[in-house]
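Next come the structures, one after another.
Below, chain A partners chain B and then partners chain C, in two separate complexes.
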Partner chain A sequence: MIRIDDRIKRVDAVSKARGEAEYLSDLRRDGMLYARMVRSTIPRGRIGNIELPVLPEGYYFISAKDIPENGKNSLVMIAGDWRCFAEGDVRYVGETIGLLVGKSRAVLKALDDAIKITYEEEEPCISIDDSIALKGGAILGEDNVHCSLVSEKGEPVDDVLERADRIIEETIETGFQEHVHMETNAAMCTIEDGKYTIYASAQCPFYIRKSICGLLGLTPDDIVVKQTTTGGAFGGKEHFPDVLAGPLLVAESVIKKPIMLVFDREEDMQFSVKRHPSKVVFRTGVDKDGNILTSDIKVYYNVGAYLSSSYVVLQRGVFHANGVYNFPSTRIRGYGMATNTFPSDAFRGFGAPQTLFAIETHMDHIAAQFGIDPVEYKKRYFLRQGDETVTQGHIVEKVVLNEMLEQVAAKSDYYRKAAEYKRGSGRGIGMSFYNHGGAFTGNGEQAIIKAHLRLRKKGDKFTILCGQTEMGQGFMTILRKIVAAVLETDIGNVLYYNPDTSLVPDSGPTAASRSTMIVGRLAEEAATLMKDHLDEDEAEVETEYRHPEGHPWDQSTFKGDAYLGYGWGVCCVEVEVDPLTNEVKVDGIWSSHDIGKAIDELIVHGQVNGGIIQSLGYASMEKMENRNGFFRQTSMSDYVIPTSMDFPRQEWGLVDNPYEWGPFGAKGMGELVFNGADAAYIDALERALDTTITKIPMPVEDIEGVRR
Partner chain B sequence: MIEFKLNGKLVRFEGNPLTRLIDVIREDLDLTGTKEGCGEGECGACSVLRNGKLVTSCIIPVGAVAGDEIITIEGLRDTPQGQCIIDAFAEGGAVQCGFCIPGMVMAAQALLLVNSDPDEDEVRAAISGNICRCTGYDLIVDSILLAAKKGKGLW
Partner chain C sequence: MVEKCYIPSSLEEALKIRRETGARPLAGGSDLMVQYKQGIGITPAFPFPVMIISKLEELRGIRQKDDGSVEIMALATPDEISQCPFMPWHVKNAASRMGAIALRNTATIGGNIGNASPKGDLPQPLILLDAEIVLRNCDEERIMPLDEFILGSKKTALRDDEIIYKIIIPPVSYSYAYYRKIGTRKANAISKLSLSSLITIEEGVITDFRAASGAAGPKVIRSRESENILKGKRIDEVQDVLPSFLDSWNDAISPHAMPQYRRNTTRRMLEHFILTAAGMPENQIIE
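The block that comes next holds the complex of A and B.
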C-alpha cells in the first residue's frame, strides 16, 4: 500500500539504467529500411531542377509527387501551413524536399551527396528586424505578420502615458534555444494488422495521427501511433515528430516495408525547431517616485517560415508579459513574425519565458534608475488573489509570493548580501519572480481537448488508459502513484504503458504543464469511482474533463480567466565575475516554488534542478545564431549546454498551497521551473558589473561588450 | 580480423577496422544499452569501459581496440558493482528520460574503480564528460555518492 507522501523509486528508473528500455533507434524489424531526409540548402527561393543519381535496386526517392491525388501536402499542427515536402519553392534551410529510403545508411548518405538541386535564390529574411523591414520583399501577406493579438487592461494606455512624469523605454531580446534532448528525433513507419503504424519518440501520439492522416486522404483512426520510450523532449517533440512521421507515411504508402528515420545530432541541431527568439519593447509610464502607472508592451516572436503552433505560443507570451505584477493599466500587443528560418516551436515554457525574462529585467532596470532595491520594488506590485489579470480575468488562487520570497531570502541571506555587495564590485546577487499558467489557455481544456481517461480492473491489477506520455518528467510514476494512493494498493498493482492510440482514449497532448493537473485529476477521479467496483473481478470506469464553473473566457477577444491556476516561483542566484577573464562563477542557487502540492517530492526535486539549470544555460551559454538562414552552431561542441561542473548544488523549497481542482492539490510545474532563473542570473551579473544587460544569452565572450 | 574482449567474451570482427566501436556494439552485436547522443565524443551517452577506463565509443574505430577488454552496460549491470550503482540511481532519483543514464552508470563505475570513496567535487569531475539535459546533475551526483556509501567494500 502506498501513500501520496511516500518516497518511492521511479517505476522506469531501473530498466533505463540497465539499458533495457527500448528507445526508437533500439527497435529492430525484419527487412527494415532506413530513411534520410533530403533538405533545402538555401533559405528562400524557387526550386529549379532536382537531378537524382541512378538509384540502386531497393532504393527510393520520395517527394511531394508521391502524395496521392486525394491527399494534401500539409502537416496539421494547429495551423496546417507546414508542408510535408517542399514543392515549387523553399522557405528555410533544411526544409524537407524528399526522403531517400533504402537498406544501407552509408549508401543513403552517398546518394544524398550526389543529388543535385538547382534553385533560383531570393534574398532571405532572417531576424525579427529583417521581417519588420520586409527584407527581400514580404514573405507572407503584406506585412510578414503570421499572427497577432492585443490584450488591454485598465485606463487606456495612451492617456496614462500622456500624464506620466517619465516614460521608460527599452527593448529586451532573447535568442534561439535548442532543446538538446539527449535522444535525437526519431520515428519509424510500418504496417501492422493492415494499418499504417507509426512508432515515434514523441510527446503527443494523437497529434501525429491528426497531423499526417490527410497526406494520404485518410482519417486519424486509419493510423496507429505508438510512443516509444522518449529520451527527453522539452517541447521539441510536441509537434516536430509530425515532420518526420509525415514523409515516412508517404514513403510507407509506396514501399510497404518498415522504415526508420533517426536524426544524427548535427541534423537535430541544424534542422529541428527551436525556442522562438524574441524582442519585447517596453514603454512604461512612471510618476516622479518611480511608481508604475501603465506599461505599453510590444512582443515580437520570430516564428520562422511556418505558423504551425506559434499563435498559441505568442498568446502565452502575451498573457505572461506582465510577470507576477499587477499594474493599473497595460496594453500588450503580440506579433508573430515570418522569417526564412527553421520554424520555431514549443519549448518548455511555451512563449512565457521570453516575456517573463523581459519584464523581470525591465523591472530591475527601473528599480536601479530610482535607486531602490529591485526586490523591494517588485514586491509592491505582486499579484494577489482576486486581482485583475492582463486579460481582464482574475487570479483564482491564493498567492503566497511573499512567503516564498522570505523562504528564499533567508536561505540565500539575500538582504545582507544585496546590501554588502556593492554594484560593480564583481560580486552580485539577483532575484527573480515568475509564474506559469497551468494547462491550456482559457477554456481550451473544455472546448478543444475534453480529455478522457479509463481505468480498467482485472483481478487485482488496475490498468490506466490515457494518451499522456512519459518523456523523462516522471509522469508514468506520478500517474500510477495517484491511482495506487487512492485505491490504497501497491504501485505494482497499477499499470500504465506507453500509449498506443488504438488502445487508449485521447487525453490531450503531453504539454502545457497539464498532465498531472488535468489528466492526473481524471486518474484520481477514476480511481475514486473504481472503489465501488473492488469486489468485481473485471470492471472499467471512464472519466471526462469538467471545467470548473465561474471562469469565463472568450477565445475571440482573449478576455477572461486565461488560466485556472498558476504555479509560482522565486529564484535567487549569486555570482562572482573574474575581473580579467570575465568568467562567471555561480556561488549559489536558491529557489522556492508553489506547485500546489508535490505528488512525488523526489520527482519534483529533479524537475526543479533540471529546469533551473536549463534556464541558466539559456541565459549564460546557449548561443544559437542564424546567419543567412544557417544555424552557426551545428554540434554539441559548439552549442554548449551545462555540464556537472558549471553550476553548484541547488537549494530548493516548496510551499504548501493545495489547488482545488488538481489531484491531491497539485498544479502544473514542469515549465514553471524553467521560467525565472535566467532573470535572476542576469540581475546578479548586472549588479556585479554595475551595468545594464538587455539581451540573452550573455556568454562569457560577450561580457566585455556590456562592461561599463 | 580484429579480436577484442567484450563483456568477458571474445569478439572477432571481420569488417572495416574504421567502423566505429559503437556501431559494432549496437549493430553487429545488438547490444543497444549503449546510446548514441552526439557522435563526436562530446556527450558521453555512448560511454563504455576500455581496460577499466571510461571512453566514448562513438569516436573510437574498432581497429583501435584490438586486444582490449571492453565492458558495456550489459556487462556491468548484473555484477554486484553494477547492481549497486543502478539501485542507487533509482533510489536517489538520478533517472529522468534515461538516455544518458547507461553512460552515467559507466562513468560512475570508472570513478569508483579508482576512487571508492569520492567526495562531491570528485564525482562532478568524473561525470563532467557525460551530458544530462534533464536533471541538472544534483541527483546524479547524490546517487553516485550513495552508491559509494552503500557499496563499501565492493570496489
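The block that comes next holds the complex of A and C.
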C-alpha cells in the first residue's frame, strides 16, 4: 500500500537506466524502409526546378504531388498554416520539400546529395527587427504580424503616462533556445489492421492524428497513433512530431510499407522548432519616489514562418508580462512576427519565461535607479488573493510569496549578502519572483479539450486509460501513485501504458503543466468512484473534466481569469565573476515553490533542479544564433547546455498551499520551475559587475561588452 | 563507403601501408569519426584510405629520460598524460580538462596534434614548453619543433609517407607557471580561449619568459619577439615594459571570432600573471 507522501522510486527508472526501454529507433518491422527529408537550403524564395537523380528500384521521392485530391497540404496544429510539403515557394531553411524513402539510409543520403533544386531567391527576413521593417517585403499580409492581442487594466495608460514624473523606457531581449531532448525526433508510419498507424516519440498522440488526417482526406479516427517511450521533449515534441508524421503518412499512402524517420542530432538541432526569441519594450511611468503608476509593454515574439501554436504562446507571454506584480494600470500589446526562420514553438514555459525575465530585469533596473534593494522594491507590488490581473480577472488563490521570499532569504542569507557585496565587487546575489498559470489558457480546458479518463479493474489490477505521456517528467509514476494512494493499494497493481489513441480516451495534450493538475484530478476522481466497485471482478469508470466555478473568461476579448490557478516561485542565485576571464561561478542557488502539494517529492526535486539548471543555461551559455536563416550552432559541441559541473547543489523548498481543484491539492509545476532562475542570475551578475544587462544569453564574450 | 581500411599489426607494417597507399592513421577516432560521419544509421565515409593504428604497442607509453625530458608516444591518451607523475604541469593540466572522460580515454596526443585545430588542448602547452615532434617513415626519423610542424588551422608539415611517432618535451624549470582554459562551459567543453605561460626569475632578473595562446589565431601563438621584451629585464622594470609587451602580444594574436573578448582577456591574464609573479616571493603556480 502506498501513501501520497511516500517518496518512491520512479516506475520507469530501472528499464531506462538499464537500456531496456524501447525507443522509436529500436523498432523493427519486416520490410521496413527509412525516410530522409529533402529540405529547403534557402530561407525565402520560389522553387524553380527539382531535378531528381534516377531512383533505384524500391526508392521513392514523395512530395506535395502525392497528396490526393481530397487531401489538403496542411498540418493542423492550432492553426493549419504549416504545410506538409513546400510547394511553389519555401519560407525557411530546412522546410520539407520532399521525402526520400528506401531501404538503405546511405543510399538515401547519396540520392539527397544528388538532387538539384533551383530557386529564385528572395531577401530573407530573420529577426524581429527585420520583420517589423518588412525587410525584403512583407512575408505575411501587409505588416508581417502573424497574431496580436492587447490586455488592458485600470486607468488608460496614455493618461497615466502623461502625469508620470518619469517614464522609464527600455528593451529587453531573449534568444532562441533549443530543447536538446536526449532522444531526437523520430516517427514511424505503417499500416496495422487496415489502419494507418503512426508510432512517434511525442507528447501528444491525439494532436498528431488531428494534424495529419486531412492530408489524405481522412478523419482523426482513421489514424491510430501509438506513443513510443519518449526520451525527453520539453515542448519540442508537442506539435513538431506532426512535421515528421505528415510526410510519412503521405509516403505510406503510396508505398504501403513500414517507414521510419529518425533525426540525426545535428538535423534535430538545425531543423526543429526552438523557443521564440523575444523583444519586450517597456515604458513604465513612475512618480518622483519611483512608485510605479503604469506600465506600457510591447511584447514581440519571433514566430518564424508558420504560426503553429504561437498565438497561444504569445497570449501566455502577454498574460505573464506583469510578472507577479499588481500595478494600478497596464497595457500589454503582443505581436507574433513572421520571419524566415524555422518556426518557433512550444518550449517549457510556453511564452511565459521571456516576459517574466523581462519584467524581473526591468524591475531590477528601476530599483537600481532609485537606490532601492530590488527585493524590497518588488515586494511592494506582490499580487495578493483577490487582486485584479492584467486580464481584468482575479487572483483566486491564496498567494504566499512573502512567506516564500522569507524562506529563500533565510537560507541564502540574502539581506546580509546584498548589503555586503558592493555593486561592482565581482560578487553578487540576485533574486527573482515568478509564477506560471496552470493548464490551458482561459476556458480552454472546458471549451477545447474536455478531457476524459477511464479506469478499468480486472481482478486486483487497475489500468489507467488516458492520452497523457511520460516524457521523462515522471508522469507515469505520478498518475499511478495518485490512483494507488486513493485505492490504498500497491503501485504495482496500477497499470498505465504508453498511450495508443485507439485504446484510450483523449485526455488532452501532455503540455501546459496540466497533466497532474487536470488529468491527475480525473484519475483521483476515477479512483474514488472505483472504490464502489472493489468487490467486482471487472469494472470500469470514466471521468470527464468539469470546469471549476468562478473562473469567468471571454476568449474573444481575453478578459477574465486567464488561468485556473498559478504556481509561484522564488529563486535566489549568488555569483562570483572572474575579473580576468568573465567566467561566472555560481556559489549558491536557493528556491522555493508553491505547487499546491507535491505528489512525489523526489520527482518534484528532479523537476526543480532540472528546470532551474535549464533556465540558468538559457541565461548564460545557451546561445543559438540565426544568420541568413541558418542556425549557426549545429551540434552539441557548439550549442552547449550546462553539465553538473556548472551549477552547484541547489537548496530547494516548497510551501504547503493546497489547491482546491487539483489531486491531493497539487497544481502544475513542470514549467514554473523554468520561469525565474534566469532573472535571478542576471540580477546577481549585474550587481557583481555594476552594470545593466538587457539581453540573454550572456556568455563570457558578451559579458565583455557590459564590463565597466 | 570507406575507401579502404587497413589494420596493421606493427609499426613497420603501418609505415609500409602509409607509404604505399597514403592511408591516414586513425587512432581514437574522436576527430575523424566525427568529421566524416554521415548521419544516423550510415557508416562514416572517408574520402581517403585509413589505417587503424590503435593496437600498435610501439606507439604507446610515456617515458622520462635521464636528462629530464619527457617522451610521449603518439598513442598516449589524455587520461594517461593527466595521470603521469612526471608530466610537466602545463601539459598535465591541459590533458585533464580535455572533453569528457570517455574522450580522455579514447583520444590520443598524436591525433590531437595531427588534427591541428587552433582550439586543440594539447598543442598549446606543448608549444609553450618548446616540445619537439618525432615523425617516421619507412626509412628515417625526422624531428622538428612542434611549433613548426603545425602550420595553421588543420594544416601540418606531415608528409604523405610519415606518421607521428612521439613528442619530446625538453626539461623545463620555471619560477612561476600559469594555465587557463576558458571553455564553453566548466566541463566537457571546447576551448573558447586558452593561455599558458611561465616565467623564471633569477636574482631579480627575468631569465626566461614564455607564453602560448590557444584559440586566438589559426594556430597556437608563440611570439619570441614579444617574449624578448621581458627577457633580461629586472623585476623592478616590469611595470615600464609591460605595456609594450602586452601591445606586442596583442599584435601577435589574431582571433577571428569574439576578437574583443579574446584580446582583452588575453591581455588581462598576461598582465595578472606577470605582475603577480613580479610581486611574489616564492616559486609557485599562479591561479
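One rule holds for everything that comes next: the second predicted complex is superposed on the first by the 708 of 708 C-alpha atoms of A that agree within 3 Å, B and C clash if a C-alpha of one lies under 4 Å from a C-alpha of the other, contacts with A are read in each partner's own complex, and residues count from 1 in each chain.
Note that a contact is a pair of C-beta atoms (placed from the backbone, for glycine too) under 8 Å apart; a residue touches a chain by one contact, two chains touch by 3 or more.
This one's a predicted model, so the numbers in the text were calculated from it and none came from an experiment.
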Partner chain(s) touched by A:695 [first = chain B, second = chain C, both, neither]: neither
Touching partner for A:637 - first (chain B), second (chain C), both, neither: both
Touching partner for A:234 - first (chain B), second (chain C), both, neither: first
Touching partner for A:34 - first (chain B), second (chain C), both, neither: second
Contacts of A:579 with chain B and chain C, given as first, second, both or neither: second
First, second, both or neither for A:606, with chain B first and chain C second: first
Touched partner set for A:183, first chain B, second chain C, both or neither: first
Winner by number of chain A residues touched, once chain B and chain C are compared: B
Partner chain(s) touched by A:264 [first = chain B, second = chain C, both, neither]: both
Touched partner set for A:379, first chain B, second chain C, both or neither: neither
Common interface positions of chain A, toward chain B and toward chain C: 25, 184, 264-266, 637, 642-643, 645
Contact set on chain C toward chain A in their complex: 1, 38-43, 180, 182, 184-190, 192-193, 258, 260-262, 264-265, 268-269, 272
Residues of chain B defined as touching chain A within the complex: 30, 32-40, 42-43, 45, 72-74, 77, 85-87, 89-91, 93-102, 105, 120, 123-125, 127-141
In the complex, chain A residues that touch chain C: 25, 34, 105-106, 109, 184, 262-267, 579-583, 621, 637-638, 640, 642-643, 645-646, 699-701, 704-705
Chain A residues within the chain B interface of the complex: 9-10, 12-14, 16-23, 25-26, 28, 179-184, 229-234, 264-266, 471-474, 602-603, 605-606, 609-614, 635-637, 641-645, 647, 649-650
